[in-house]
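The structures considered in this document are given below.
Shared between the two complexes below is chain A, which pairs with chain B and chain C, respectively.
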Partner chain A sequence: MQIKPILSALRQHKAGTLLIAMQIALTLAIVCNALFIIQQRLAHLSEPTGIDEPDIFVVQNEWVGKLSTSQADARMQEDLRAIRQLASVQDVTPSNSYPLRGSGWDDGIRLKPDQLQDTSGSTVYFGDEHFIDTLGVKLVAGRNFRPEEVAPMDMRYSLSPPVVIVTRALADKLFPAGDALGKTIYLAGSPTAIVGIIDQLQAQSVERWAAAFAHRSVIVPRRLAVSLGAYYIVRARPGQLDAAMRETPRALFAINPRRVISDKDGLLSFAQVRDRAYERDRGMAILMGLICVVLLAITAAGIVGLTSFWVGQRRKQIGVRRALGATRRDILGYFLTENLLISCGGALLGVLLAVAVNLWLVVRFEMNRLSLAYVLAGVVLLLLLGQGAVLAPALRASRVPPVEATRSV
Partner chain B sequence: MFGYYLDLALRSLKRNKALTALMVLAIAVGIGACMTTLTVMHLLSGDPLPGRSQRIFYAQVDPDITDKEGQREPPDMLDYHSATDLWSARRADRQALVVDSRLKLHAPDVNLPPLMATMLSTTTDFFPMFDVPFQYGGGWSADDDARHARVAVISADLNLRLFGGADSVGRTLRLRESDVRIVGVLKPWRPSPLFYAVAGGRFSNGDTADFYGKAEDVMTPFFTGLEINDGNFQQFNCWGIPSTPGHLQNAPCNWIRLWVELGDGGKVAGYRRFLADYAAQQKALGRFTVAGNTRLRSLMQWLDFNGVVPSDVRLQTWLAFAFLAICLFNTVGLLLAKFLRRSGEIGVRRALGASRLAIFAQCLMEAGMVGLLGGIGGWLLTLAGLWLVRRQPAAYADMAYLDTTMFLATFALAVAVSVLAGLLPAVRASRIAPGLQLKAL
Partner chain C sequence: MLKMTHLSKVYRTEVVETYALRDFNINVNEGEFVAVTGPSGSGKTTFLTIAGLLETFTGGQYHLDGVEVSNLNDNERSRIRNEKIGFIFQAFNLIPDLNVYDNVEVPLRYRGMKGPERKERIMQALERVGLASRAKHYPAELSGGQQQRVAIARALAGSPRLLLADEPTGNLDTQMARGVMELLEEIHREGATIVMVTHDPELAARAQRNVHIIDGQVVDLAEDPRFHQAVHAARANTPA
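Up next, the complex of A and B:
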């Protein structure tokens, strides 16, 4: 295939060539970055919490009326016993929060009492001796809480647990040497000892501000005993989630009806919790995907339109070429190569633009650097799109009969 | 002349329906994307108090004793001591302390279960200063502030939920364990953003959609609110551990906002001096460690400082414009093809005496028609886009509607874009040499 005649023919159509190339360049720049944003959001969205999600649901229980700490604690214990007796329930633990809830108690951890800056941020989860089993997290070192270590707590007491369990991510951050077990740390100003390390437990917020301590959680042996109530995290027996979610509120109202379990979010399976937590990320990924598809469609339509025009304009030349012995394949090849040349030019400019756009995003929106794989994927995608779009007009061109050459010349 | 060109344009558009449809679609999609994001931007970046915002200021001092240098920004809110000192000095034309909290609310004479509500505790100037519209009754007096009077103003929304929208002035509400008398009911009031509650934007990494939430359900005098909901107040930040969580009056915590109204530039300078003098005096008393770290930002400066427009929205706006640019290139290419394909026809018209300008105008008319049609499509797509925005889980979602300005802007933008797209093809078309074309016919 001769490239020189194609180039000299393109010189006759500077405006059109330039327009297609520009369109391809811009589309490439946007599609690369959009794909990259989609991938980042999806990666964020599929981050594991570390808990046994399919079998877990959460009850938000609020008491009606004012209760003292001991009253609230007694009622909670009664609730937990009732839930545990259900055939469909494996275990239950009370807490102040749970992963992906959106907000809750985050606090700084220090290694010395007089330290001014926190060594790390962390998410604080309350839990009793059933916490680890209920959530299905793996204890990788040390031990679980003992029942006598777990104490009821009102919001007004200061948090000073004798012992805590931390996630491996937090342990590694605090003690990079890997000897966190048994060490003393300062949580909310008071000293406490690490007695256990669990494999993984995600923070309550998935927002960007909490990303720094996303998996650095600390579990304190406390039951939140306040009249506002607490969360009961329930683990159903495998496959019995629906039954457990039906039976639990019924059992709770049977022992004490003076409580509020909201219709809206009082009872949430963990799948629902996950959906809510990532609603926005998913929305952005879908939007970006939609934009990519529409952009590619518009660019393809533009190429089809302009090439069709060129084919119509050159019918006579095509006829002459055919009459002089060019095969249909030659004509088809001509238009495909022409498009490839324009697309390559556009893609080259597009790669530069994509990197520039990404750099700007890094500065303005604190995004990550675009990986080269996305640029390459974008280039391949657009070259294929160009060839696909040009195929129909090129086929039409190849069907121009040689006799066209003899008409009205 | 105009009518003739219009007729020509319509004929030409009808001749090649597929190409016309493609151009109209490209413009419509570009305009739809642009106008959807622009409408959201317009909604989110507007002035919440048009005509008044330049007189409203937000005061900041730095009581944090762990900040030794005072080089960093002062905290976004005030501690109780500083806030009440500055407020009671009454150096501004109007001043309002603002703090919000959550509590359980119940109307004793209405048969509805108690509900969790948001409460704004503020001082009497809040209502005139922010032009808050009342449906029934009005705000409370300075005397009510001073007496810690058990009165409240409720939102239109709460009034509808509890009292079916009737005039509820004089009726009683139970806030936690305290009864308050309703003295005013607001009209529906939805400032965008909820400017008086904005703070901490610089720590949010661009996730600022929550600044566009609804106004509080119930409003009480500042000191009344502190008494009623004692123990349930949230700090913005603390530089020491509060002895009683939720009770922050003597705590080393920042949790109160102070808004002031200052009529002219002289008063603004005066208030700046007053803040500096206050900080210096507090330093002399040993309560502050730094004196110079005070700020007085105007409302719009404060919103700007907090970067209230969410970064996702800004990103989408840029994206939409890039989108429009691609649609523009597309349309330029297609128009070029369309005009040049009619070279023969244009040659005849030129030979029959049409000037270059006339050809140029005819081509632009055709481009404008494409724009108008694209505008109609774009308007429909914008409505669809805004419907999608309203289904998003963002705090501002319920406000995303197309207003008249943006409706007109849709068509203006569509026609402007298509005429812009038509410029190059029209110039090319008007340069066609009639002789060459006639020979080929």
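Up next, the complex of A and C:
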């Protein structure tokens, strides 16, 4: 290998060499961290909610005029009966919110009445005895709500449910020994008993502040009966989502036209709910991806530019090397090796810079620690990019004829 | 050692064909020191580039060390250049980014020679030209004469069968030129075959044999009294 003479020659071109090495280092540091952020965002937005997403849609129903709790509840019961009668619908449940909605009711849970700090945060979902079947969540211990446990509720009243169903994540947090079923907990200051445990149900918010209790949900046996209305979570029969989404509003307006189901977000399939919830994450991933592409393109262009300049500058020298016995492959190998050496130097610096940038992000933005796999992937990516970028000018160099040695500049 | 028969080199454009060499015949025996002379544009350098396999020719035959070279591919031509030919250029053609030692090492690396053998040959070649103490210097730190000596060391290090010199003293002052010429004569006395292109009659007179080229053809010196006179005059002025 010609490493020693190449290094000697590079020492005579310090400025260009350092410039490209620095560019590679900076690109590596940014690309490693950007790829890591992209992966985290993608993992976040593909996180399962625990519900039967393909068959579920949500209707946001608002009543026109002021209604008492009993009036609102009666109308709601009538709506639910009508929806259940549709051939395309499997089941429906009323609720105050649903996973990925963005906002809703979050509350602290304590294990003792005189406890000063919450044992865990939680997302509170209202639901009736149809909640589990409608959402398609799996009951892993205990029982479902009984119809007589479910009561209508105005937002002005305190929650105080007699029983609750919790997710396994919440049960494990509250009772790590695994004996949550039948235990009393304090939700919004009121005692209540855990009668059922479901496998998984994601929170309403996907924001970072809610990450600590992202899967710690509690279902209370309540129907939100207010003039402002409630959400009807509907589960269509398999393959009949479109039909169910068409028929449901029609059926509701047929019973009572004095209601509002907004064109904008009154009727949303769960796929739409997911899209909206993760819009920012997706946008951030795309932006980071674009930044990576632009940076890589700039670095590749820099390598092509500098190598092309060097090939032009060393045309005579290449001719001399050819005259002295270098084959075309030797010349190609010279420029590829030269680039590999510069890229390795840049990559070494870039690894240190990538770790430093990540440490700053960890401290400043509570990001996770960068995995070594991303640094290695970044190094390989940059080395391949360098070799790819240098190939065209190196091939051009290899075609310089030996007779160039005899030509005067 | 070097035999060209009815060789031609034509440069073609869309509208014109230019013969750089036409029915060119030359035979250089092993151990000879031949000076090739001729006016500017006569085809001296074209002859040298073809002789050194730096360029291909259009017609005729060229045997180098018994090998017909017209059918060799690029890699084979590179190998012959590397193993059998040593080049000395008018402009020295040292690689400015490399020091003296690394410059002499270039052809040896392309030959795939092992490190210890390379080192031995480089130091021998540098001692031969009196520049062993300058091994770590860069070309820009040397005089023109010293640079040409490094180029000669580079040409000698590979123990070539044939040394091709293109106006080797063309860029040197008289004193340095004399030194370089004495070195070439010494190398010749040790058995090397040298073909030197020059337009300087004094240098040509110091060679064993002179070949004169006019319009791309070797001409018989006996038919050109002016050249004879110039050579005689040069020989009379050359110290014994």
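Just so we're on the same page, the second predicted complex is superposed on the first by the 408 of 409 C-alpha atoms of A that agree within 3 Å, B and C clash if a C-alpha of one lies under 4 Å from a C-alpha of the other, contacts with A are read in each partner's own complex, and residues count from 1 in each chain.
Here is the rule we go by: contacts are C-beta pairs under 8 Å (C-beta built on N, C-alpha and C of every residue); 3 or more make two chains touch, one makes a residue touch a chain.
This structure is a prediction, so every number in the text was calculated from the model and none was measured.
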- prompt: Clash or fit: what happens to chain B and chain C when chain A is overlaid?
  reply: fit
Task: In degrees, to the nearest 10, note the angle that opens at the C-alpha centre of chain A toward the centres of chain B and chain C.
output: 90
Query: What is the contact status of A:324 with respect to chain B (first) and chain C (second): first, second, both, or neither?
result: second
Message: A:273 in the overlay: touching chain B, chain C, both, or neither? Say first, second, both or neither.
response: neither
Task: Quick one: classify A:305 as touching chain B (first), chain C (second), both or neither.
output: first
- prompt: More residues of chain A in touch with chain C or with chain B?
  reply: B
Task: Could you say whether A:80 touches chain B, chain C, both of them, or neither, answering first, second, both or neither?
output: neither
Query: Touch check for A:291: first (chain B), second (chain C), both, or neither?
result: first
Query: On the overlay, how many Å separate the closest CA atoms of chain B and chain C?
result: 9
Message: Which residues of chain A touch chain C once you look at their complex with the stated criterion?
response: 2, 4-5, 8-9, 12-13, 316-317, 320-330, 401-403, 405-406, 408
Query: How about chain B: which of its residues touch chain A in the complex?
result: 19, 22, 25-26, 29, 33, 66, 113-114, 177, 203-207, 231, 241, 244-246, 311-312, 314-316, 319, 322-323, 325-327, 329-330, 332-334, 336-338, 340-341, 392-394, 424, 428
Message: With touch defined as at the start, can you tell me which chain C residues reach chain A in the complex?
response: 45, 48-49, 52-55, 74-75, 78-79, 81-83, 87, 89, 91, 93, 95-99, 102, 105-107, 109-111, 154, 158, 166
- request: Would you mind writing out the residues of chain A in touch with chain B in their complex?
  value: 15-16, 19-20, 22-23, 26-27, 29-30, 34, 64, 66, 116, 155-156, 158, 188-189, 207-209, 260, 276, 279-280, 283-284, 287, 291, 294-295, 298-299, 301-302, 305-306, 308-310, 312-313, 361, 364-366
